[in-house]
Structures are given as C-alpha cells and as structure tokens.
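Shared between the two complexes below is chain A, which pairs with chain B and chain C, respectively.
What follows is the complex of A and B.
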C-alpha cells in the first residue's frame, strides 16, 4: 500500500501513530513492510491457504464474534443435502460438469430457499426451474451444531488448513502465522475492529475472486464488516477505477451493477426484468433502476409501449472480456479498437499476442499523453527489431489523439471508499489535446448528424439517444456537471433534480444514469465538489465529497449495532435504533430499510424488501445475511479453496486437483503453458508489481524526467541466494524467460527478497516491476511479455501475480523468436492430468479457445 | 519572525520520494541523469546542486525495535535528507561575496544573482549539501522554499509528504513535538530512536539544525556525519594550532642554527 498508494497510506500511518497494529503479508519486504509492525513473507499464489489457516484458527480457537456470526451471517443456514465439499471430492465441489468445465450450482443452495446473488451473477437453476423464493421455508440452526449448517461446513472445509499446512504451502513458519492470527483476533470484537486492504496482488490469480471471498469470511467471523475501522478495502489501480466499474467500462455490466442483456434469455424487457430481479432483498428494486436508466439514455422516445427502448441495447452473445477480445483480434475477428488511457502492449499480459492482435485490425485509435508502445506497435516492437515482422506488411491504420490530463479537464474521481471527489480544470490542455468527454461527445454528435435523416429502424438507437449536453469555450467542451446531473437523475415532467434512488420509479417518470449515484447532484448542487474540512464537521465527514449510495460512508452499517439496534460498544458506535422516535439514526447515513425496527420479522409470504428482517444488515443479499458460504453467484465454488496457480513450483499440498478446475484457459499455439508444477525449464516463482515511482504501463511517468530519474531502467529483484545460484551480480544484467517470451533486466540483489522453505525444499521468488517499454525517457523490456492468458472464471482477470520462469545471467539474445512467430523454448507435450484430475475437463479441453465465451455463457444463463 | 524549519521523522518515511519530485517541480530543477545504481531503490544517490531533497534507502542487517518480520535480521530505513539550515552555517560563513544570507525565517538562502561560483561554500558545508551545478557554475541548495514562505505557504516537500514524515513549522514547536515522539517510540519498544541536531546542546558543532531528524541508527548509517562542525567554529583552534606550529618551527629553526653552529665548531 505504501508502494502503490502512498497518499492513501497517510491513514494507516495516522492509525499507527494512535497505536494501531499494521500487518503486512507480501512475498517481498516492501516499503509497506518497512513501517509495518509485522511482516510475513508468503509464497506468491498461496494466499487462500493462508487465509484458510486464519479461518481455521478463528473457528478452532473460538475467536469468532458469536452474536454477530449467528445473527448477521448465514452461519446457521442449512445447506442442501446434495452438497458435497472439496474434502469429499479431491478438490471439487458437487455439481461439476466435465463437459462444459463448469459447475451446476443447484446442490450449493440452502435447503428450502433459493437465494439470489447480485443480478447477472446468478448461477444455473435446476431443470425443474422453479425457484423457491419464500424465506419462511429457510431452515436454520442457531446453535450452529447441525452438520449441514454453513458454520459446520465451513469448519470441516478448513479443518486441514492448520498452521503446519500453512507452513508447508505458504512457506510461513508457525510462529509467524500465529503472530498474525493472534494480533488480528486481539484487535477484533465489540471494542475493536480491523480492516483488510488488498490490491491486484489478490485479484490477478486464476482464483482471484475467491481470495477476496476468503478475506470476507475472515472479516464476517470477526465481526469486522459494516463497522467503523473494519471492512475489506480494494485499493484500486488508478484514481477512478472504482468509478469505472460503477459506471462501467466492463462489457457485461450496465451502470449501477445491472447486467447487460444476453442474446438468448433476454429477448425483451419483461424477460430481462424477470431474469434479473431478485425475489427478495434490495435487488427486487431493479426494474425502477433499469427503466430510469433507459429514460436517461433515450428520453421521450422511451415509453411503456416500446419497452422503454430496451431493443436499442446491444445483447451479449459471448465473453467479450479483455483476453477473449484480444484472442479474437489475433484470429482476425475484430476490425477496430479504441484504446483510451491504456497501454495494453505494456500493461496487459502477453504483449506479443496483443501486438499480433493489433496487426490484424483494420483500424486502431489510441488516445494518450504520449505515443505509447501500443500506438507505435507498427514500427517499434520487439518482433520488428528482430526482423520477424516488417512494418510495410502491417495493414492496421492507426489514429493517435493527444489527450488532456486530469488537471486539464473537469470531472469526478471515485475512490475505494466509493467517495466521489470533483476536480476542476486547472489549466487548459495544450495544442490538440482534448478530454475524453470532448472526444466521446463530439464523436456521438457526428454520428447523430450522420444518421439524422435515416429511416432505417436500426439507426433509431443513435437518433433517439439523448445527447444534448451544453458546451463552452472555443473547443465546445461539454460540461461535465451536466453529465453528473443526468447520472444523478431527474424527473421527466419538470426536470427536477432527484434526491436519491428512493425516488426512482419503473413507470417512466424518472430518469437516472446510474441508480447508485442518484443524489450526487441533489438540489442541483454538485455534491462531489463539496470540500468542507474534516475539522469543521464530525469524524465521518459527510460534507466532504459524496459517497454512493446515498452519501453513506460505511456500507451495511446496520451491522455496527447489535440485533436490538444498540451499538456493539460506545467506542465503535456509528448508527443505532431510536425506539422512542421509531427511527434509525447515527453519525452516518443508515444503510437499512428506513423505519424498520430491529424486532421486525417478515411474514410467511413476504417478497422484495419486505422479506428483510430487522436483523438483516446485508440488504443487497436475498437473505440479508453476510455470506460465509456463497450458495450462488460464484462460478468456482461456494467456499474459497486452495488451488495452485496455472504454473507452480509445487504440487497442490491439499488436494489431488492441482488448479482451479473452473479457471479460464486459452489453449492456443501462441499461448503455451509450462508444466503444472516442477517444470525443470522454469524452476522459479515470478511475481509482478508496481513501484511508487512509476504509474502502471508508464505513459504518465516514463516520459517525465523527475520520475524517470528515480527509476531509470527495468530491473528485477532477486535474493542473494538466487543470485549466487545463477551467477547474477548486482547492477548487472539478467534474462528472464517463460514459454511466452524473454526479457532482460538490470539485477538488484536484495535481502528484501528471501527464498522460502517449503517442506525442506528451497523456493526462489523473482520480483519483476512491470512499468517498462521501449519508449519514453526511462525504458526497458516489458514484463508482461512473459505472462500467458489464463484467468479467473468469475471476473476474467489474468493470472499475473504468480507464475514460473527461468533466470540466467547476461543480456537476452537479439535474434531469438517469440511464440507468436516461432518457438522460443522447446515445447514439452502437456500432460493435462497434472492440472486437472483425469476426465475433469474432458471435452472442455478441446475447445478452450472458445470455451471461455460460449461455455461460460451457457452455464451461467441457460 | 521566529525560526522555521523541518522535523523529519524517519520512522514514518515510506520512501515514496514525493518530496524529491515536489521539490524539483516547484523549483524547476533539472533531472540528475538517468542511471541505475543497484543501491536499493535509490537512483539519485545524494543531495546535490539539482536534487535538494533526497531519500536515502538503507537495507540494514539488523532488526528494528518493535518490528516482527519473517525476513530475519532485516530492516529497511528510509530518510529524506535536505539542507539542515544550520544555526552556524558553514556555507554562509565561507561565502566571500555575501551571496549566502540568513533570511527572516532563519533559513540559509543562496542568492543566485550574487553567487559568483567560487565554491568556498562547498568545502564549508560539513554535510556535503551545497554543490555547484556544472552547467551554470553557481552553487545551489534547498531554499526552504523561501518564495513559498513569503506567501505563507508550506515548503513543497512537506506539503507533498503523505505520512507527515516531513513536518514544517516553528522550530520551538517542532522540537517539542519531536521530543514527544521519541518518548512515544521508546514506550512502544523502539528504544533506539533519538534526535539528530535538534538544538545546540544536541549538536554543538553546528549550533543545532533548523532541519533536524529523528533517527534509529547511527548517523553514518544514513550518510550523515556523526559530529559535524562548522569550519569557522574551529577557526580559533586552527589559529592556535597554526601559532603553535609556527612557534615550533621557529624553535626548531633556532635550534637547528644553534646546533649547526655548535656542530661547526671545531
């Protein structure tokens, strides 16, 4: 966190001054470790074993928060008797379907009640199809003793995740593990809370979503969610990555976490609404949010008779996530590509495959501060320098647009706390540089002009689009506040600004560009631009910026009070039930159904929000509880399970199944993998990361002399032991190789990387910061050339934080070839049973290139 | 006006180098050349004519008090170094042109329009801070953001520091704050924490530093002199030594003459 979020790290340091304990788990001793109270080095890719160890410790030593766990989590729910655990099936849960390489989630459900996850994330329901939606039929055992209750399943699932197993899997000696476990438990409970912060070190794995799930189990058991000082904080990779998922740049989401319509199951508005609206819980409100979104986009053209222009929305036909798109590009299936504020040939995995994709395009648009490696792939690329590809043979037409920096335009950033903070234009962008808003707005305006006279019904989607933001200045810069006003919402009759999402309706009377942001322009005031100093208000600081939803600073904060509605402790009070007035009140906006007393219990037939009881703080879930066990919504299991990365140095110590069976894998000639473990050609673990001095793929930093001088060249970090073993000298050169590519780097020999001992065996880890490319002031080889296409099935994120490689002294050869144009290393025929139990991914293997799109679609939405 | 300065608490420094960059940006300093040093994460090496703030990275084969790590005997110290704006400033005292002055904030400031680049100040600084820039020949160093102070602003480095490792303020306040901090650290097991240059009693050779530090190891570990002395403070002793030497020489010469006369006597 100190390395990559130094400004945010102000707060951990402030907490430390006040006596908080700071624990850091990282393969390396980083700038964060340097100021931590406890630092524990871990083998990259083994975090679920570690977190599972914590879960086992918390349960087996009775350190969980009993009242919180019984009342606010699903610990007491009875799970279907058909459920079988990985402990019973060698690393598989029940419901595995080897033919499509995915799970049927029926057997994971509660007994008597099919609970819904977030819309669009729903797993497949059984052939019977009838969903059991009445909570009255839920079965539970509040003594937590029933062998089929979630708590007992959890206990059994993690019973083998002992300190000894943590040692053998993660390379963390027992005393260090126990120091972390004790410190965490000592700082959780009624009087104290602990927060867990993570970044892409957790997400970029073939089991990434389950890493976060494991952390949520730890936090729910300890009662650290929905309370001040608790939570799980995703430290995002850029200033507004949170914002770019809220109002998404993701292919499968609409604003406010509503799913994109699918080609098969959602032919019309009723089928979309029916398929995505949760019977119980807050997501039962989806129709209001969805119709208001369509009204914001299509205005007066959207009405009840035309499904509010639902047909204008594109329908998903498959997986269009990043890696799938690039693979299809390389296969010649894409014509054009917009790259805005991103440098994928450096920042994304497998640069050679990316460039192969770019070479197959008709046109490419790049908008950035400088001509990046991506923009210049046609004349400055490793394969061109090696003479394998000639510029004159590349047909792609490249358009480069200089863009405005954040100081040269206005808009909002949304941070990890969901806090919107407005920035104003400080200086005008130089020359032809323009904001993204300017580019998109004027592109849209030109398209509208182009189709203005079209009578073709298919062009109505463009003709009816509301696209009338006011502009100002000599370049007709659109006003970002007008966009915020639309996002926040207004009434259709008189254009009155909405106060929040409670005012949204599904009858076409309200328009709202993103329901969770509704109220950010309340009273026609840019709430995100509020800057009242912290010392002039309460510690919650509700008048600094604006947090979604409803300016709520801590989500699920009903859980900060006990079941009777009283704060768990004076020290940690946030919101509480005022029985005299019959309201919830407190320091923060209360995250609960307004006026619902703690004593409320839903009736037998209750649906929607009425089905949430007075002790159901997690109102977005269909059952209002925090999920220790996820009966639905994840594609790779209801409980996080330790699987080894796609490429590992060891066999899975816990299960016969080596890797996440549901992982996304691209089996392509140009995407070779190493042996699943113990590949003699690639004996070392590699992990990648950022440095404080540079920003991601470097476009914002490698061109700046003041930053370039601080980290002037690509380097690798190795331990003195590995340096001795491979003859690497500090300041010299090393070449790092995988089956995908080969790079050279300066060597930094440091004690901050230490070889780990796993069952008496030494495991070396190589650290690679990934910022570099051939352009700018500070240059070097690109680390992501080394990384293959393999990813998490839930979110399509690549596994770039744990893989294997070789390292030798000296510079790379200049004439060797990469996989996209010839073999770099001798191929070893893969033995599929190393990664997956025999027959586990039978027919899926044959079609992996396409599997990811079609099979995922099939099993998610059939 | 009461003296202003920096208290740099190295125990909360995270080595982000925001101070280095903010300093260069505000003062429009050139880069110092791009080369990979292989010395931990430090590639700018030291304070100089174009790097007025510099973060030192010390990978140390010793544990840090109160810290538990699985790396064995290892800790990583970081310190943002800067001109100390000494009470007895060697550079100022050595400057023959009057280019180096003491400001109303008690900081030591080089007036670039007066400096003639003689370089006497360089040998006058016991910390090796001030240096001449090759391209223009003049001597440069931290100004304590003299221009910002005149407008009531905080120096750029302290403004940018995310963890308040660099604190700017009135010297009296800083000294009190620093002493409290040392006590707090001691009570938490970091018994090695101490102040470097907090006042004249702490560092007689400089009369105390307006930019002083909280350290957890010997000064040498951070590339700081253990006992810095402003050269002029030793002028008296230097003259005395010279007088003694001259006297000795005279005695020796006189003796030699006597001896030779004696020796020449048949």
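What follows is the complex of A and C.
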C-alpha cells in the first residue's frame, strides 16, 4: 500500500500512531513492510491456505463475534443434505459435471428455499433462469450446532487448514502465523475493528474471486464489515477504475451492475425481468432501474408497447471478455478494435498473442498521450526486430488520436472508496488532442448521420438513441455535466433532476443512466463537485464529493449497530436507531431501509424489500445476511478452497485435485503451459508487481522525465540464495524464460525477496515489476510477455501473480523470442491428470472453462 | 581594495553578521541572502487555480492546477481534500510533467495497411474515416439471430478496450454508443 497508494497509506500510519497494529503479508519486503509491526513473506499463490488458516483459528479458538455472526451472517442457515464438501471429494464440491467442466449448484442450496445471487450471477453461462427466494421456508439453528448449518460446514471445510498446513503450503512459520491470527482477533470485537486492504496481488489468480471471498469470511466472523475501521478494501490502481466497473465498459454488465441480456434465457423484456429480479432483497427493484436505463438511452421511442426498446440490446452467447476477445482476434474473427487509454501489449498478459491479434485486424484505433507499444506494434516489436514478421506484410490500418489530459476536460472520477470527484477544465487541449467524451460524442453524431435514412430494423437502435448533449467552445466539446445529469436521472414529464434511486419507476416515467449514481446531480447541483474542506466537517466528510449509493460512505453500515439498533460500542458508533423519531440516524447515511425498526420481522408472504427484517444489514442479498457460505452466485464453489496456480512448484498439499477445476484455460499452440508442478525446466515461482514511481503499463509514467529518472530501468529481484544458485550478480543481467516468452532484466540481489522453506524444501521466488516496454524515456523488456492466458471462471481475470519460470545469468543472445513465432522450449508430454483428477474435465469443447483456439494443435502460426 | 571596501567586506562577513544578529549557528535570519528573500513559489504568480483530482491511482487525491493564461504553471496537492490533506505521491507530484511534457502529440497519426511509417492526417478526416469503417464492419458482420431464431442483434466485428483513467461520463458514452451499435466485446482495465 505504501508503494502503490502512498497517500492512502498515510491513514494506516495515522492509525499506527494511535496504537493500531500493521500487518503486511506479501512475498516481497516493501516500504509497507518497513513500517509494519509484522511482515509475513508468503509463497505467491497460496493465500487461500493462509486465510483458511485464519478462519480455522478463529473458529477453533472461539474468537468469532457471536452476536454478529448469529444475527448478521448466514452461519445458522441449514444447507441441503445433498451438499458434499471438498473434504469428501478430494477437492471437488458436489454437483461437478465433467462433461461441461462446471458445477450444477442445486446441492449447494439452503434447505427449504433457494436464494438468488446478484442479478446475472447464477450458475454457469446459459443456465436457465435465476433461483427464487422463498424466505418463509428457511431453516436455521441459532445455536450453530446442527451439523448441516453453515457454521459447522465452515468448521469442517477449514479443519485441516492448521498452522502446520499453513507452514507447509505458504512457507509461513507457525509462530509467525499465530502471531498474525492473535493480533487480528485481539483487534476485533465490540470495541475494535480491523480492516483488510488488498490489490491485484489477490485478484489476478485462477481462483481470484475466492481470495476475496476468503477475506470476507474472516471479516464476517470477526464482525468487521459495515463498521468504521473495518471492511475489505480494494485498493484499485487507476483514477476511475471503480467508475469503469459501476458504469461498465465490461461485456457482461449494464450500468449499475445489471447484467447484459443473454441470448437463450432472455429473448424479451419479461424474461429478462423475470430472470434477473430477486423476489426478496434490494434487487427486487431491478425493473425500475432497468426500464429507467432504457428510457435514458432510447427516450420517447421506448414505451410499454415495445418493451421499452429491449430488442435494441445486443445479446451474449458466452464469455466475451478481454482474453476471449484477443484469442478470437488472433484467429482473425475481429475487424476493428478501439483502445482508449490502455496499452494492452504491455499491460495485459501474453503480449505476443496480443500483437498477433492486432496483426489480424482490419483497423485499430489507439487514443493516448504518445504512441504506445500497442499503437506501434507494426514496426516496434520483438518479432519484427528478429525479422520473423515484416512490417509491410501487416495489413492493419492504424489510427492514433492524441488525447486530452484530465486538466483539459471536465468530468468525474470514482475513487476506490466509491467517491465521485469532479475535475474541472484548467486549459484547452493542445492541437488536435481531444477528450474521449468529444471522440465518442462526435463519432456517435457521424454514425447517426450515416444511418439517418436507413429503414433497416437493425439500425433503429442508433436512430432512436438519445444523443442530444449541448456543446461548447471552439472544439464543440460536449457538456460533461449534461451527461452526469442523464446518469443521475430525470423525470420524463418535465426533465426534473431526480433526488435518488428511490424515485425511479418501472412505468417509463423516469430516465436514469446508472441507478447507483442516481442523486449525483440532485437539485441540478453537481454533487461530485462539492468541496467543503475536510477540516470543516466530521471525519466522515459527507460534503466532499458524492459517494454511491445515496452518498453512503460505509456500505452495509446497519451492521455497525447491534440487533437492537444501538452502536456496538461508543468508540465504534456510526449509525443507530432513534426510537423516538422512528428513524435511523448517525454520522453517515444509513445503508438500510430508513424507517425500518430493528424489531421489524417480515410476514411469511413478504416479498421484495419488505422481506428484509430489521436485523438484515446486507440488503443486497436475498436473505439480508452476510454470506459465509455462498449457496449461489459463484462458479467454483460455495467456499474458498486452496488450489495451486495453473503453474506451481509443488503439488497441492491439501487435495488430490491440483488446480481450480472450473478455471478458464485457453488451449492453443501459441499459449503453452508448463507442467502443473515440479517442471524441471521452470523451477522457480514468479510474481509481478508495481513500483511507486511508475503507473501500470507505463503510458502515464515512462514518458514523464521526473518519473523515468527515479526508476530508469527494468530489473528483477532475487534472493541471495537464488543468486548464488544461478550465479546472478547484483547489477548484472539475467534472462527470465517461460514457454511463452523471454525477457532480460538487471539483477537486484536483495533479501527483500526471501526464499521460503516448504516442508524442508527451498522455494525461490523471482519478483518482476511489470511497467516496461520499448518506448518512452525509461525502457525495458515487458514482463507480461512471460504470462499465458489462464483465468478465474467467475470474472475472467488472468492469472498473472503466480506462475513458474527459469532464470539464468546474462543477457538474451539476440532479439527477444516469442512463442507466436514457434516453440521456445521443447514440448514435453504432459500428464493432464497432474492438474485435474482423471476424468474431471471430460469433453473439453463448449464448456465455460475451456477456450480452444484455431491454433489449438497441429497448426503452427509464424 | 581601499579601506572603506575592506570594512564593508568585513562587516559582510557571515561570522560578524551572525554575531550581530545573535544567530551563532546561522540557522535564522543570517542564512538568507537577498536573492533567497526575493524567491517566491511559482504559484504566487498564477492568475488561475482550478480544482482537480489526481489522474493516477484510485486514492483520488485532490489537486490544484495553477495557470497563467492558458498555460499550466504548477500542480500541487489540495489541502482541503479530506482524502489527501494536501499530499501527493511521486506520481501525483509529477502530474505537471505528464500534462505539459514534450512527449504529448498534437496530431492524429495514420498508418496505412502495409505501410512503413506514420503520417499526420486532419482530425475531422480521421473521424470521418473511423465512422465509415465502423458502419462498414457493423453492416457486414451483423448477426440478427441464431439459426433457431433466437435474437442476437449484434456485431462481433468491433471490440473496445477502455482505460480506467477515463471519466465516468466518457465511459457512459462509450457503453451507450457501442451497445446501440450492437458491439458486445466492450472491455476495460477493470477486468484486468
């Protein structure tokens, strides 16, 4: 955190000054470790074993928060008797279907009632319909003793995640693990809370979503969610990466976390609404949010008789995520590609496969400050320098557009705590540089003109699209505030700004571009531009910017009060029930039904938000509880389970099944994998990370003189033991190789990266900062060339934080080699059963996890 | 050097100045030269200051953008921000270099199919070319329905990858326009 979010880190330091303990768990020793009370080096890719160890410790030593766990989590719920755990099935849960490589989630359900996950989050892609909640039939045991209650299942699932197992799996000595566990528990409860901060070191894994689930189980058991000083905080790496998830440029989502329609299950509006609307909980409001979105997009054209233009929406037929798109690009299936403010040949995995994809395009549009490695792929790339590809043979037409900086345009960023902050225009952009708002608006105007006279039904979506934003200035810059006003919502009758999502309706009378942002333009005031100085407010600072939803600063903060509505302690008070006034009040906006008393209990037939009781703080869930166990919504299991990365140095110490069986894996000749474990060609663990002085793929830092001077060159970090073993010298060169690519780097021999002991065996880890490429003021080889296409099944994120590699002293002999030009290492006969139990991944085709490319086998691409 | 000059020189001798001002360690007034006294921060001359937000990571530190006319002269942390309280990290503090550096290009560049170099083209022409290409790919790759008649209403010919450093309003128009065009492979750094 001190490295990548330095200013955010001043708050943990402030807490430390007041007596808080700081624990840092990371394979490398960083500026954070330097000031932490405890630094725990860990084997990259083993964190679920560590977190599972904490869960086991909390339960087996009775350190959980009983009132919180019984009332606010699903610990007491009874689970179907058909459920079987990974303990019973060697690393599989019940419901595994080897033929389509995924789980049937029926056996994971609560007994007596099915509960809906987030909209769009049920089962594998294409699974018909969503589950419906019938709370009337729910069964629970508040003594937590029933062997089929969630708490007992949890206890059994993690019973083998002992300190000894953590030692053997993570390389963390028992006494150090116990010191962490004790410190965390000592600092949780009524009087104290603990926060867990993470970044992509936890998400970029083939079991990434479950890392976060594991942390949420720890925090729910300790009562650390929805309370000041608690939580699980994603430290995101870009100014508005939270915003680009909320208002998603993501294939599977519409604004406000509503799913994109799927071709099979959602042919029309009623089936979409029926399939995605939860019967109970806050998501029962989805029809209001969805119809209001269609009204915002299609205006007067959208009405009750034409399903509010639902038919204009394109449909999904599978995973269309980034890696799938690039693989299809490499197979020649795409024609045009827009890349805006991104540099994927450096920032995404397997740069060579990306470039192969770009070579197959008809045209590419890149928007950035300067010509990036992605924009220049046709003349500045390893395969071109080596003469394997000739520039004049590349057919792709490439456009580079200079972009406006944030100081040259206005708009809002959403920071990592869901806070919208407006930045104003200071100066005009230089020359032909323009904002993306300008680019999209004027591209849209041109397309509307081109399709103006079309009678083709397919073109109605463009012709009816609302696109009347006012423009100003010599460049006809569209008004960003007008766009924010549409996002925030307005009434159809008189265009009045809406105060929030409580005012949205499903009858076409309201328009709203993103329901969770509704109210950000309340009273026609740009709420994101509010800047009352922090020192003039409470510590919550509710008048600085605007947080979604409804300016609530801590989500699920009903949980900061006890079941009776009183703060758990004076020290940790945030919101509370005022019985005299019959409302919730406090320092923050309450994230709950405003006038619902703690004593409220729904009737047996209650539906929608009415079905949430006065002690159901987790209002987005169908049952209002924090899910220790996820009966629905995840593709790879209801409980986080330790699986080894796709490429590991060890066999899975806990289960016979080595890897996440539901992982996504692209089987292509140009995407080869190493052996599942103990590959003699690739004996070391690699992990990647960022540096304080550079920014992700470098387009905003490698060209900046001050930053380039601070970190001028690519390097790798190795321990003194590994340096001795491989003859690496500090300041010298090393070449790092995987089956996908090879890079060279200066060597930094340092004890900051420790070699770990696993069951008496030494495991060496190589640390690689990934910012570099061939362009800019500070150059170096690109780390992501080493990384293959393999990913998490829930969110399609790549596994780039734990893999295996080889390292040798010296520079690579000549131009860098890449696998798209031919095999880098001799192929060895792989035993598929080392990664998956025999028969576990039956017929590979057409399942969610297997992605076969045209270049699967038998064909080489050069 | 005459006597008068020698005396003047001697009284200007730092030690004497330190004794005279009772500043034996030269940590006070005597450490200042006339030039030092006349130094002022760059922001003193600014005729405009604009409230902004750091464009790098997601902490969201407040920035103050100082300008003289239409030139940015400095970017500093905003002490009003309850998030950052005036602080900026090395990247945030280098924002001035990011937005004013000579690396920034001012023209649209075009590389023709099989071409070996970039050439500059006018913005309006480039925009027209992109619009024409989008329409052409969309029309030629349109998928109205599956073989069994299930509606698809889409093109798989156009994809997008967007940076997470863009504004919410920009992302909104990206999603809105591309979805209306029927493109579904719309992705972001947020996936990665």
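Throughout what follows, the second predicted complex is superposed on the first by the 832 of 862 C-alpha atoms of A that agree within 3 Å, B and C clash if a C-alpha of one lies under 4 Å from a C-alpha of the other, contacts with A are read in each partner's own complex, and residues count from 1 in each chain.
Assume a contact is a pair of C-beta atoms (placed from the backbone, for glycine too) under 8 Å apart; a residue touches a chain by one contact, two chains touch by 3 or more.
Since we're looking at a predicted model, the values are computed, not measured.
Participant: Considering only touches as defined above, state whether A:731 meets chain B (first), chain C (second), both or neither.
Facilitator: first
Participant: Based on the superposed arrangement, let me know which partner A:6 touches: chain B (first), chain C (second), both, or neither?
Facilitator: both
Participant: Have a look at where A:609 lands relative to chain B and chain C in the superposition and call it first, second, both or neither.
Facilitator: Once the two structures are laid over each other on A, A:609 reaches no partner at all.
Participant: Of the partners chain B and chain C, which touch A:692 in the superposed model: first, second, both, neither?
Facilitator: both
Participant: Using the superposition on chain A described above, determine whether A:505 touches chain B (first), chain C (second), both, or neither.
Facilitator: In the superposition, A:505 touches no partner, neither chain B nor chain C.
Participant: Which chain, chain B or chain C, is in touch with more residues of chain A?
Facilitator: Comparing touch counts on chain A for chain B and chain C gives C.
Participant: Check the residue A:710 against both partner chains and state whether it touches chain B (first), chain C (second), both, or neither.
Facilitator: The answer is both, since A:710 touches chain B and chain C.
Participant: Between chain B (first) and chain C (second), which, if any, makes contact with A:173: first, second, both or neither?
Facilitator: So A:173 only meets chain B here.
Participant: Determine, under the contact definition given at the top, whether A:583 touches first (chain B), second (chain C), both, or neither.
Facilitator: Touch partners of A:583: none, neither chain B nor chain C.
Participant: Shared contact residues on chain A for chain B and chain C?
Facilitator: In chain A, positions 6-7, 10, 692-693, 705-707, 710, 777 sit in both the chain B and chain C interfaces.
Participant: Which chain A residues qualify as touching chain B in the complex?
Facilitator: 2, 6-7, 9-10, 13, 16-17, 29, 31-41, 172-173, 176, 179, 691-693, 705-713, 715, 730-731, 746-752, 754, 777-778
Participant: Along chain B, where are the residues that touch chain A in the complex?
Facilitator: Those in contact with chain A are residues 11-18, 20-21, 24-25, 30-38, 40-41, 43-44, 59, 61, 66-72, 74-78, 162-164.
Participant: Spell out the part of chain C that touches chain A in their complex, as residue ranges.
Facilitator: 48, 50-63, 65, 67, 70-72, 75, 79-85, 87-95, 97-99, 101, 103-116, 118, 122-123, 126-135, 137, 140-142, 144, 146, 150-177, 179-192
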